[in-house]
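Think of it as A, B and C in the order they're written, each chain with its own count starting at 1.
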Amino acid sequence: MTGPEFPVVAALDALTGALFLLTALGVVATRQVLASLQLFVLQSLLLSTSAFLLGIATRSIHLFAVAGITIATKTLLIPWLLRYTVSDEVYRTREIGRVLNIPISLLLSAVLVVIAYAIANPIMNAVEVPFARINLPLGMAAIFLGAFTVAVRREAVPQLLGLLAVENGVFFAGVAIVPNLPVIAELAAAVDVPVITLVVGLLTRQIHQRLGTTSVGHLSALREH
Amino acid sequence: MLERIVYNLIQVLVVVGFAPLVEGVVNRLKENLQSKTGPNIFQPYRDIWKLLHKDEIVSDRSSWVFRAAPYVAFAAPVFVALLIPVLTRYPLFFAFMGDMLGGGFVLALGGFFVTLAAVDTANPYGPMGASRTRMVGFLAEPVFIVVFLTVSFVAGSTIPYIVQTKWIAPISNFFEPSHVLLMIAFLMLILAEDGRIPVDSPSGQFELAMIDRSKSLEYSGRGAALMKWAGAMKFFVLITIFLNVLVTPWGLAPEGSGPLGIAIAIPLVLLKVFAFVLVLVFIESSLAKLRLFRITEFLGAAFVTSVVAMITRLSEI
Amino acid sequence: MQLAAILIIPAIASCFSLLPLGRRFAAQITVIASAIVLALAISVASTAAHAPFSGAEDLLTCDALGALVLVLVALVGFTAALYSWGYIATGGRHSLQDLQRYYSLYNLFLLSMLAVPLLANVALMWIAVELTTLLSAFLVGYEDTPEALEAAWKYVVLTTLGAVLALLGFLILYWGSRTAGLAPFTWVGLVDAAPHMPPALLWPAFLLILVGFGTKVGLVPMHTWLPDAHSQAPASICALLSGVETTTVLYVVLRLFPVVSGAPGLDARPWFIGFGLLSVGVATLLLIYVRDFKRMFAFSTVEHMGIILVAAGLGGAEAHLGAAYQMTGHALAKSFCFFAAGLMATALGTQEIGSVRGLIRSSPIAALALVVGGFAIAGAPPFAIFVSELVIVKAGLTSGQFGVIGLLTLFVVVAFCAVMYHVNSMVFGTPATDKPGSKVTMAVVPTSCKATLALAAVPLLAVGLYVPQPLQELLRAAAAAMGG
């Protein structure tokens, strides 16, 4: 089921996966913007750990490269970029008005996790790949939770972090199912993340300067009245 | 068969005897972490001793509930200690008297009586603490049940001894994603049920902010001693369930090891408890107490974590 | 070589735009660069109509469908650049740095859109699609008003979310193609590998890409960002976004159709038709209630994307030909509409339909442009969209899908009436009050805008009346590529 020839790695991968899911739940739930960022960094670290473990198990250099790139971009570069583009004031904010309060959003997250598992099940049964049993459903759950974060949070930085969390989820599933993606695609996808952060960060700064707030969820001037 | 009864009673004595010590260690370690000296670790024993020799004052407006509550609260953890694996890995004499859900209900019974007694006193802080405890309690109950049921689903039984044997072998069961999530959910539950930070401040003296402690404000003399002891025992019992069933089911006396096994198991169990206490103290010292209505979010997170653990287990991931 | 040149030239132009050589330099460079790109694109298309074109050691390829999209992107890129020359610099509101930023981003945005049909590797193509969003983010928010920033935010977040979802779909496709054999990860390779891929992999990948990139195309219910972004951006950017960017991403979705059809037992057509009809229906409903004329054109984009998707879903060479023709007509008409809308916004200072009345009296040129654009986009004869919609309906009726065609016709007719109603009330109708400044002088509008309008009207009218032979061949070849 989960790579019978690598029990230790499978066990550690399962541990990593559980914590990965927890951080995804945390990004949905935490109030403070800085805490969301720290949870996201932790999530990326767990992603690189999983990539590293799978690289050991499948002896694939590509996965080590993925792990390294993830650490470099998501754990180091992203927080630095955000600090650089978005003002410090944004970091000290706490989200006061949310679309849904925390217990309800957590309950909906649990429902989303169920849906993610249900969707991932037929895919896993189609092709036997070691570790896909763990990584694919947890990755899909993280994707759904990240998208939910974007929907539910009103502040700009958590919405961005939700977006990046979706990408984390995609790669978490990806390292198990495509361990040898061509390096050029890997590198380019890795470049994608800092560019997104840069663009969104600068946009956030512009919004902050122009509107005095980063509660982007409250912007609703454009609609049919 | 006789020795099983004896071991069972020894188990209860361990719980009754060492619970205040654990409380004392927690208090001292918390102070030490803040670079203070802290009270002696045997201080709770002295407190209980002192209280037992003091006069008891009981309001004549209160009913039998008030008088009976300390005894019920003391008896509840004692009963549960009969049921759970504290020292041994094999079931003892009373092991099949109740399962984990039964143990949970007995603990809840003790809490229920104490809550009623708090309302009985008509001291304004009593009912306030009682209603807050109920709020925490009703949110914590689903977590208890989901955790226990998930764990029992794996083992195919709700008796803690059997759960423990199924859970630890093979070792890969320990590292399952659902197990990690369950441990975290149960940890949050312990913090809530026992009134630790971030849910409640155990050393706070400000009655308006109390959740658990205000229920025992009215007691004096023997009643107060029993309530204090009962609180310490409940904490010890919860930790023991957490450690011996979920987290570190090793170090318990195996089948047929006789009195020597028991004798070795006692310090090992205490060692595990103190290690956990260290972790707990770290958690308590690094978090701040949550505002009252944020406790629902905390417990909601615990609930969702346990539900996700259950789903993960059921989907066989 | 030509393919590589198409990509390199805008990159160079972008760099040059950053040189501080006066306010008009960046605009001139951009116009020249886009003209060269247009010429190259037409030459590529004329060869690609007969056989797929390869270049740069198979890193870049171009078949008929890709060539069609390429030409459309290049054409609208050129006309929008010409339009921007006057439009962006009006009023001196924007500093030199702003202008430089605009043009360099414009060139890079054009580059990313040109790259989508050209890149052979599917993973690199995904990155190009992602870059179209990121590079246009600041173009959408160029006006720096709160509404523009809100639109830019929603645009970036929602479309990137969709693109990341689609990434998972592509990863699963890659997994599937690896399981099937060692086909290269290009569209051609995927079509070859599809029969051997396990359906349980192909199907979720298809759905993920449809929903993920469907967000960027503007399919309902993922369209919520589209009216905002396409109405708040400057008119030249709106023309690019509405006219060709959504078409480019729709091209990617349409490419999936032969891949999924190759697998036994999987049918993509109900999904295409379902999403298409939903989009057309909701867009039609919203067209009735819309209050801002740029938003009106944006909803019309949603409608047309839906129509193209329905046409692709109907299946058959005729329906696909209709889809290809519709793409062409839409790109030309929509860009023209936005040019007209930009003209009106500059002259009148407002984007509300309610406050524009009697345009024919105050500003005949704007009125004429609006009428032409409105007719073209609603699908009135003699414009191209009318013909393409007829082709689609006929194809649907001959293949017996009466229900779908019935619904489609109903929606299209209602949308036509809605658009005509709005255009009518803006062009004719008596002004409610004589507001100061309602007597509009067209002298306010820059020359280049008027010139662009005249220039863009030519192919718009021409393609509707008579489709030249090379274009016909290109359309037929593109339809064949769609069918698979």
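Brief remarks on what is shown
The rule is simple: a contact is a pair of C-beta atoms (placed from the backbone, for glycine too) under 8 Å apart; a residue touches a chain by one contact, two chains touch by 3 or more.
These figures come from a predicted structure and were not determined experimentally.
Apart from chain A, the touch network of the chains falls into the groups B | C. Among the other chains, B has the CA centre that is most remote from the centre of chain C.
The mean-CA centres of chain A and chain B are about 36 angstrom from one another, to the nearest whole unit. The mean-CA centres of chain A and chain C are about 31 angstrom from one another, to the nearest whole unit.
If each chain is reduced to the centroid of its CA atoms, chain B and chain C end up 64 Å from each other.
Note for the complex: chain B touches chain A at residues 171-172, 174-181, 184, 296-297, 300-301, 303-305, 307-308, 311-312, 315, 317.
Residues of chain A touching chain C in their complex: 119, 122-123, 125-127, 129, 140, 143, 147, 150, 156, 159-160, 163, 166-167, 170, 173-174, 177-178, 181-182, 184-185, 188-189, 192, 195-196, 199-200, 202-203, 206-207, 210-211, 216, 219-222, 224-225.
Within the complex, the chain C residues that touch chain A are 121, 123-124, 127, 130-131, 134, 137-138, 141, 144-147, 149-153, 156-157, 160-161, 164-165, 167-168, 171-172, 174-176, 178-179, 185, 198-201, 204, 227-228, 231-232, 286, 289-291, 295.
Within the complex formed with chain B, the residues of chain A that make contact are 7, 10-12, 14-15, 17-19, 21-22, 25, 29, 101-103, 106-107, 109-110, 113-114, 117, 121, 133-134, 137-138.
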